[in-house]
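Chains here go by letter, A, B, C and D, matching the order in which they are written, and residues are numbered from 1 within each.
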């Protein structure tokens, strides 16, 4: 089928960051030097080609950008300094905005103030609803001892005025559940949209039905271990990424699913599972955040040189959430109920927007898209049961 | 041993000899039966050369010149054409098959043509078999 | 003064306020005594209409003009413009100012005559003095361009000093086996020219010499040349080679690009000109530590080898200098992902050129590179023949991290190498990895099609890295046209390295005062229509030192530079940088 | 008759000859021939040591005939003749056998090739016995020069020579000077005005006292030889006779008419123009469609006609770089326009052109690669509701997608082909043309501006398409040759003219009518013919027409050729 070349597409792509990649003259050096490329995934050159020619349909239906983990070697050795690595980053942002059928992420990516406004709006919404439903009890300041339990820590669930501890936790749980459903709904619909674009819209792609399941293990395996990331030479990124990923998932599951066991009144000894998990995930998140902050500021490493606002937004929110989380814990242990209450409030004010905005519409969505991309790629590969048409060279 | 004909070829220096050199630089392979003699112009080739070649036992004679109009000396190849027609008639009386001699125009850029011509002529001479002129002359003397 | 020179004198009208005076006797004096052929008396209209002035000068075929009268310099500028438009020097316009005393009294008439006489003799002498520009020419660098330029000038009957840094002339072309696109052997083209240079009475060849200082004015350059010692007397050496056999020191031969070893006392290559031996100062034990001296003992000609020879400086007078110091190949080791230097069978194209050359280390056989007992890598005949050869284009060229320009010749010589491999190893598989195939010249495209028909696989896609895995050279390339990743195991890799300015280019540009472009190549004043003229009159550039180009273009540029030299010598004046009428001054 | 002592030298030419010919055996066989005193083989006969070997033999064994079996005499006959002169032997007592181009390079069977080489060497040895000493004639050179063609090459050559004060006749068939460069608006890579360079030269040449310019005139007849040519020039229905010493041909080239390539629909669909027409539009300072609006989509298609075996099988060298220049000019004039470059190989290799390529890419030009050997891009009319009138369909190689490109204006980078007058002029000058009708240079590397005819030089694009700077360099190179000849004031002329042995001339005057140059007069009183050696060019037609063999051309005498025929066939006896 014939597709029409569209020179306007370049201007549109420029909004997603990085202007100079058009002088690529297709020498194939980046695809050859990248350790992750295989026969059908000839990224990053194919991505550059489609972007240069403005073939939107082919671009959106290719999963290549998600298979690149930006080790930066291609940009280093590119003879024309056309930043192929950074273009892959740009294409990931573009694909995120394409998969999102609501069009919100396109809005966030192209006009940064919308994203900021949305975050502030949600934060205010959280604060107000929190203050309305769970108002601070008046004697927080006058009689702080009322909230101290026998170990000297603050009973976190009974800080609200006239609301029993269990009711308090229940309300928070309802909020979390609501948020989780909302986020999951958007994310899964986007994934299905991605599935439609990558697999279904390609008429002549046929593959056995059972391969849906046989290949499913790859989704899980990649989600958990990010095996592909380990193939890049610089492994510290991979370890940092593993830490923050596990830490985040633990915190997320604790809050949404096991809030009752996690947010309890008495202060457990430090070796209790609940504390240990808390410490591990905060350490993981903090390690990653510090490493990324330094990298993005010093711009020594290639992948850190072009920071799009959406990258900063996501790290800043995560950072404040983590910091406020730690503060809550400190205030609880040291018995300061008022401080605990208000930091808890701020903690939520950062946490909720981060999850509601970042996960489905912005950078954080790659946690879903990357494993699915590997999964869809294996589906396509199973479909074509690749035999090379052109027997040019016996590629050993 | 399979009969390997010997053909004497008179090539003019400006066009056909350059064409033969071009066949060489382009590494075109042709049969080694040709024995090339360089003259300044095809007009220089006189009947005695052709008869001398047959007398010395040549199985065929090839005369090459520039394309009409391209001759470095304006008219040399026209004179050669006229003489060749005369010789063609004359050698029939001497009992030499007319196919044993041949006239061809080769320009400086037709290396390929020269190679094909050499192969083609070798083939025709092979079909005709060795020339018996030399043997007959030795019997007479 | 050559017969083409004609002087004209114009008596200008006096400025307003003076009455024109009869100059008949002055004109008679000028015509009879000074014998000036063209005399124009107080032309009222001449200087107002530029084209009439041009027409008059052209009609009388004037080559220099004397403006006489009262304050005639009013008209100097317009006459100068006319003369420069006609291609003459601006200095060919001279002023004879009678001062304010225009009235012709006895006393003033005499000094007017003397003034005219002095001005006239000054013009005649000036033509004499400027006609004596130095007839000799210095050519720096004896590659194919330097050789061609020297022959063009010497065959016109003028003396040439050919200054060559290394021990022999021939430059890089002497190292090649065949040349594209006609595949005739480089030696067959170059050696006769080298012989002609060696035997030419008017060419003085100075090897192992470098230009260290240039002063003097254009047309009269005084050049100091530092000749480092050969330690072997060129005249008496009979080239028997016994000294080289006995010499204990072995170093890698730079002529063979390190593929073979040579002795400290050596002849660069069998067809070298001068065909004599010389000693490599760094390698010779005697010169470094004062030990050995075996060569002196075995040399049949007494006194031929003089190990105490010292460098000497020679002063040469020259009218013109042609710079043709060639280029330096790109160091392939600068790109470590190709593995040059780490893996023995990754060769540069120049090394392969020597390997495949009949006079090369293996007599033209293509064999693997192995290391001998002493650890230096050599080619020996029985080290096995490679079956799969890859040629990687644009190594170091078209690359912003190294040289952003295109070196123009690598595509074509890679095709040629592929053909030579096909000729020597008919069963070998040959791959060429390129970005754009640049076969632009006469017969180049046909050559490219012929090589493709011979079964050389052209893969559009530049190889990124070469790793040696269990003896094979593992190659990763993206085959763009077929849309596949190629992981191949090769036996031998040839890197088509690009061209870079020579090491001494910066030094030379400072000494000669000619400017270089941002990559270090010499810059022509008006590259579009005159690529050989530099910003200093009398100094010309030719060949690759001006920018990467192939052999036919270098030869043509050498002759073009020779044209500039011949023209300046034969026309007795040195045209400074392009003589353009004022309106077209180039910024 | 002095005793004939022949030296035979067989050259290896590296491996070129030694690969297919058993050189030692040829030398051995040659050694057995009658009169051969020494027969050697050496790796590079044309090199310094090779020639010294020969000179030493001549002096020590006082040889008086030399045969060298090596490459073609057209390349190194002069070299070896010089070596003979150095050894004090007359250069014409020398014969070459071509065993490289005509033996080792064209036959694989080593045995038969060696046999053929032996035959050729035997023929040469037998022939060299009958060769006599001849002395080259040196002739005074007329300092005037004829330059044919008024393009940048012709103008530069004329100016370089005229500046030394010598007369130049400049013949131009058009009515104005400037040639192809006049049609060009700007030059690459720095986008300078072409007229900024061209006009001063035209001005200087047309007003130079030593240059006589003949506009809309052509050279129709030429006679004489190097240093003393006489040419008749048709000049506005008058004919003028000119005398000059050298000829510099600078007739340039013409653009290819793309009409036969139907897929480009040239002249069939609107707004499809060639690169030359686009240059005219640019020199007017604006870019307009037929409908007077400014185009929004401009497509530039490369290799139209070039690299195409049915039309121009060669690469026209300058169109890629011109196309990049066009892209920059379009972006300057129409910042909002979209430019597409549809190319096969981007051949931007000249100085500064790779940087121009990357600059053009930075400005957002879209490069699409098509397979020049496969299906060419196809231009068709766009549908009714389309924004643009034209659509180009092509298979894009870099992405592997079948794409279509919308275009308002399509510029075809047409190839360059030889002038149609080149056939007629090559016959007048007696120089040969290659298969693409460009003139053939004597040797691309040894002698790139000379031709096989001495005194005739070819410069600029009449030899092959090339850039302006290369044309100017070639013009100066030819000027150097001419100036060198003028400066030396004499030139050696081939001496193989005819001569008459009056004792056996029967006065039949056949030779007088046969000679194409009228160089033979019939002396009434002696009743014999006599050759005017100045006019005779040595073609030898008279020698073969003479019934008694009285008239013979030197160096190609009857005896010598008959002896060579004998020699060539001699081997038949022993085998």
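Note that in this section a residue touches a chain if its C-beta (ideal position, glycine included) is under 8 Å from a C-beta of that chain, and two chains touch if they have at least 3 such contacts.
A quick note: this is a predicted structure, and the numbers were derived from the prediction, not measured.
Asker: Looking only at C-beta pairs that count as contacts, which pair of chains has more of them, C-D or B-C?
Answerer: Between the two chain pairs, C-D has more contacting C-beta pairs.
Asker: Could you put a whole-Å number on the gap between the CA centroids of chain C and chain D?
Answerer: 24
Asker: Could you grab the centroid distance between chain B and chain C? Build each centroid from C-alpha atoms only and quote it in angstrom.
Answerer: 47
Asker: Can you work out the whole-Å distance between the CA centroids of chain A and chain C?
Answerer: 62
Asker: Just give me the whole-number Å value for how far the CA centre of chain A lies from that of chain B.
Answerer: 85
Asker: Which residues does chain D have that touch at least 2 chains other than itself?
Answerer: Touching at least two other chains: 346, 358, 398.
Asker: So which stretches of chain A touch two or more other chains?
Answerer: Chain A, residues with two or more chain partners: 25-26, 80.
Asker: Among the residues of chain C, which are close enough to touch at least two other chains?
Answerer: Correct list: 182, 184, 398, 436, 460, 480, 483.
Asker: Let me know each pair of chains that touch one another.
Answerer: A-C, A-D, B-C, B-D, C-D
Asker: For the complex, which residues does chain D have touching chain A?
Answerer: It comes out as residues 297, 338, 340, 346, 357-358, 361-362, 364, 366-369, 393, 396, 398-399, 401-406.
Asker: Can you list the residues on chain A that touch chain C in the complex?
Answerer: Spelled out, the residues of chain A in touch with chain C are 25-33, 37-39, 42, 45, 77, 79-81, 388, 390, 392-393, 395-396.
Asker: Would you tell me which residues of chain B are touching chain C in their complex?
Answerer: 25, 27
Asker: Note which residues of chain B are touching chain D in the complex, please.
Answerer: It comes out as residues 4, 6, 8, 13-15, 17-18, 20-21, 23-25, 27-32, 34-41, 43-49, 52-53, 56-58, 66, 69-70, 72-76, 79, 83, 107-110, 115, 134.
Asker: Quick check: in the complex, which residue numbers of chain D touch chain B?
Answerer: Contact set of chain D toward chain B: 72-74, 98, 100-103, 105-109, 112-113, 115-116, 119-120, 123, 426-427, 430, 432-435, 440, 452-453, 496, 514, 516-517, 537-541, 543-545, 553, 556, 558, 561-562, 564-566, 568-570, 572.
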